[in-house]
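Quick heads-up: structures coming right below.
Two complexes follow with chain A in common, the first pairing it with chain B and the second with chain C.
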Partner chain A sequence: MSEKSEKSEKSEKFERLSVLKTYKLYVGGKFPRSESGRVYEVADSKGNWLANAPQSSRKDARDAVVAARKAFGGWSGATAYNRGQILYRIAEMLEGRKDQFVREVGDAEGLSKAKAAAVVDAAIDRWVWYAGWTDKIAQVVGGGNPVAGPFFNLSSPEPTGVVVVLAPQDSSFLGLVSVIAPVIATGNTAVVIASEKSPLPALSLGEILATSDLPGGVVNVLSGRTTEIAAPLAAHQDVNAIDLAGADEVLAKELEIAAADNLKRVLRPQPVDYSATPGTERLTAFLETKTVWHPTGSLGASGSSY
Partner chain B sequence: MPTSASSPKLSAPREQGGTPTALADVTASDSTLRRFLHGLPGVDAVGLEARAASLGTRSIKTTAKAYAIDLAISMVDLTTLEGADTPGKVRALGAKAVHPDPTDRTTPTTAAVCVYPDMVAVAKEAVAGSGVKVASVATAFPAGRAALDVKLADVREAVAAGADEIDMVIDRGAFLAGRYMKVYDEIVAVKESCGTSARLKVIFETGELSTYDNIRRASWLGMLAGADFIKTSTGKVAVNATPANTLLMLEAVRDFRAQTGVQVGVKPAGGIRTSKDAVKFLVLVNETAGEDWLDNHWFRFGASSLLNDLLMQRQKLATGRYSGPDYVTVD
Partner chain C sequence: MAFEYAPAPESRAVVDIAPSYGLFIDGEFAEAADGKVFKTVSPSTEEVLSEVAQAGEADVDRAVRAARKAFEKWSALPGSERAKYLFRIARIIQERSRELAVLETLDNGKPIKETRDADLPLVAAHFFYYAGWADKLGHAGFGSDPRPLGVAGQVIPWNFPLLMLAWKIAPALATGNTVVLKPAETTPLSALFFADICRQAGLPKGVVNILPGYGDAGAALVAHPDVNKVAFTGSTAVGKEIARTVAGTRKKLTLELGGKGANVVFDDAPVDQAVEGIVTGIFFNQGQVCCAGSRLLVQESIQDELLESLKRRLSTLRLGDPLDKNTDIGAINSAEQLARITALAEQGEAEGAERWSPACELPSSGYWFAPTLFTNVTQAHTIARDEIFGPVLSVLTFRTPEEAVAKANNTQYGLSAGIWTEKGSRILAVANKLRAGVVWSNTFNKFDPTSPFGGYKESGFGREGGRHGLEAYLDV
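So, the complex of A and B:
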């Protein structure tokens, strides 16, 4: 009897089929396949097949911009405090699924488990770091300006709008987080083109974002051929800025020319050590400054209204 | 059966505001009208929806797409039917109807602007000399719940103010209660009030008719009573124009012409917001009623936000880059 049950247990183990994950895009809070139906093979650093990733078309890019534009009003209108809470929540969610990301980052970048774990830890800390900035950036780049007249003159930073982000090609997770977090921290919405070679951590990040109270459409993740997706986005009239972190020199030049057409803000690619603590450059790169004049009221006979 | 008319009289005359002579006996009394409408073949709902869905999968690209977009723009009845309409808003809408895209003067004008009767004079002034028509809803739009003389006064006011087209609503309560003759008489009376100058569009409010059979009956009823256009809906209820109910009405106008020789237009209204949707409707028109209807004299879109999407698509075709809502007017 006991022998028999042992045997059946064994055969059950043997028959267990592995469940492979279908990696999908993250657009407008949903997980669609590419509109084109295409996928491409993603390999690890040694060339072994890992998974198929969706190969986005320009129509996926267009849909992502529509989703990002739709989400912009709500996200930019949310209080900075609320945005900080949500960014912190993303860090919490990542903490709970660290093992998965350690494996994916290790596969993608050919890192040992310990090194991959250090990268994922740094990425989680990066979310926390930017979460803290959401309600502090206004004090750094805004403020009261001295003017010669009975006015208050106040400058405050405002998000630029829909920002296209070409994620770094080599740093598939820490680099990715380091370019997404500053964009959305200030109230922009983002269309992210994942690293072409290793998009899996970015596509999995979509699952984290979907469960972190981040409204759908604030971050949209596309995978595929960077040149194919980036070109229509750089020319898109409803995109307000583009971060070229993941573009090589030739592509960056081409995209910058296309982006000039509707005066997009462009952040040129630059050598960045993503493991180092960043400054506020990426936060301020996608901000506009709104300045308002406000009368102080009539001055009393003593020269003061108080 | 309307689909199998043995001898279509293509040149049959139509009396003003009445039934074409080929079907004159149908409207002789309440019972003959009921017998005719209930004798119409039942609608195969599954087949109808499948047909509409399959025609919606056609791929329309490049030059065909450019043609379709321009055609769709020329078919738009640019509509504002809000309690908050002001003369300024109607003038702005008129300007947009005349020059939908001010940066590109090759853009065709829309077919008409559609307003409430009290705004007809303002709209008429705004589109003067452009060929854009002024359509006015009337007959206690959108519910249609008023006495007949109130409705007729509503129509006469709009016509006197210069409306080229009148969009009337049928009495859905009477229709659903089976009082077809009342609905028929009302349409005939409104048609008379329109006189010779204004074309009459009859709105069925398909979302309130509950079955496809009813939509088919209402289509025939409207056409028998002298409608120049049959129109799906007011845009004020949950379910408006759908590909399926528009397909059904297109079949009705095709069969009506085959039987009587009289051509009637179709106007889906409400819920058509994207160029893709509009092109799907044009495919329905071409494949069902035929090319004769691919003209803004015989087919219209009742819409407001659709025009902006058409213009953005037009800009995309012209420049090769995706446009955005910053480059069209906010209505």
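So, the complex of A and C:
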């Protein structure tokens, strides 16, 4: 009897089945599935199934632009200090969920745990780097101009608007952060197309952004076929700029031609070492310069004119 | 009521226009490869001023090769030496400024008052300003030793022929690039005189090449595979075409395109000053200005008072001989442009806006258009949306600052805007919300080489002028 009962207890011991996450898009601060109902299989570097990711449609892309446009006024109007605090908050949130990202990045890019950890650390530090830039870039690239006349004349950088970002295809997390952070640091809002084969770190980043006080719609993350999503976005009349980091040569040319229809600002793809400290190029690529004049009044021969 | 003035013409004798001009390639004037020429006329009289060689694809290729050849030595010169060439050019422009002003007025049709007091002083100042940058590039915030791009292909419009040349060539040379520049087909002469100034300054051959010609030459220049940088000022439609052409290449692109600037007048604005600003905003250079304040947004409560003052002021504007020193409104640059302005004004009437012009006698020859004002204009009207590029002002009204901002920004363009109010916080708040590259508050149409200029949205991208203007010509 006793032998038997031991046996039955043993047979009931099993490895706990983990709870899998349904990966979803991040649009307007919410986590929708693709309106198309489509998903595609995402595998790790060895071909093992990881998840089904939403395969975004043209409609999802348009919804994301609407969300990004809606968020632009508030985000670009927020103080630079406030934006800096929120970017720093993103780093804090990531730090707390580091293990998850180390696992996801390791799976996505086929990295050892140590190497994946180094990548995630660098990505967190990148948020901190850009958090510090929010209230400094205006002094670096703007300023007063000594015009030859009695005028106050000030040039200030302003965000260009809604920026579509094709995230790098290979660097699924550090590269991703390196292209999103500079766009939003200056007050732009973003529609991000995640790495096609490794979208999971990007989709998980949405969960971080959602809990970092970042207003909904400032960053919108889409996964799916890059060419399918990018084409309508490059041609979209309410998009102001496009970062082609994740496009190959053929796609980049195609998208740049489409972008000319409303003269989007285009950042062409170029080789980037994402592990190195970035310069200011990605910040300034999506900035406009506004110059404001006003008479100062002058003391002329006839006396005061102010 | 206009005062009667005796004619006060500026002397034409100060400028000697040759019967024909060649292309300026590699330091020499030369005929076009296919021998083509075109005539340039004075828009105020339709008199033929000269016959000019018309560049084609083969000439573009030759000029780009000359510029490429010159690039190696020019870019290797110490910045301080490049600076001295530019300082020389600035000085020679100052010396010859009356000659150039008269020439520009003849070829373009704009009043001598403007070429003499605005265009030419700004041209010289622009070269003087960028000359000083040539040996200080390491301090401009683009790294310690920023490199030039190579050969710059530049295409400029006819509204400020020499000033647009200065905006293009001065920063390009200061940063160590060499240039091939195509002036507009209706205004090639001042650029050819500039070629002579390069000769006087001893500028090494091939550093500046000037190719008069039409759109096909511009297109060939933009598409040339050995051009590293494209800079264009002109229409938004052509700008888009250029953006498509350079897509997929490594060519760096800056575009300065059209505009539909809003001049916003609040109820507390000093009316007389605002009226002067409105007049400057839309009638300077016959309104053929990309940053013109072509939409007047006036607060409803002061509309009647303001329009009355404005109409009274417009009645005193003098239209006629551009060489007359008292002339306020000169000729429209070409028959083609006149036709476009005429058609758009007619469309304004057809769509229901109310048209008004002061009593104004137009000369019998040449291309002329009376200062024109449209009231009862809505945002849907073509004249409120399309760039007219002529002396035509569309008047719209608003009630609240929010409405003013919304209407001002309701355009595909974003080049300029004006604000008139005595309230400081309102100026700053509204300036902050306007999506435009240049905001003039309690003034309008002011330019300076130190002040970056350029648009938002479909008015183009990149900035010309100031430290910002260097970036377009550096490999950064």
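Here are some notes:
Note that in this section the second predicted complex is superposed on the first by the 282 of 306 C-alpha atoms of A that agree within 3 Å, B and C clash if a C-alpha of one lies under 4 Å from a C-alpha of the other, contacts with A are read in each partner's own complex, and residues count from 1 in each chain.
The rule we apply is simple: a residue touches a chain if its C-beta (ideal position, glycine included) is under 8 Å from a C-beta of that chain, and two chains touch if they have at least 3 such contacts.
Source: prediction; values computed, not measured.
By the touch criterion stated above, A:65 is placed in contact with chain B alone, chain C being left untouched.
Judged by the touch definition given at the top, the superposed model places A:151 against chain C, while chain B stays out of reach.
After overlaying the two complexes on the shared chain, residue contacts for A:253 are found with chain C alone; chain B is out of touch.
Contacts of A:236 after superposition on the shared chain: chain B is touched, whereas chain C is not. By the touch criterion defined above, A:261 lies against chain B and chain C together after alignment on the C-alpha atoms of chain A. In the superposition on chain A, A:283 makes contact with neither chain B nor chain C. On chain A, the surface touched by chain B in one complex and the surface touched by chain C in the other have residues 261 in common. If you check the complex, the residues on chain B that touch chain A are 315, 320-327. Per the touch definition, chain A reaches chain C in the complex via residues 140-141, 145-149, 151, 153, 155, 160, 240, 249, 252-253, 256-257, 259-263, 265-266, 268, 281, 288-295. Residue ranges on chain C touching chain A, taken from their complex, read 125, 141, 236, 239-241, 243-244, 247-248, 250, 255, 257, 412, 427, 431, 434, 436-443, 446, 448, 450-454, 456-458, 460-461, 463, 466, 468, 476.
Taken in their complex, chain A has these residues touching chain B: 62, 65, 69, 232, 235-239, 258, 261.
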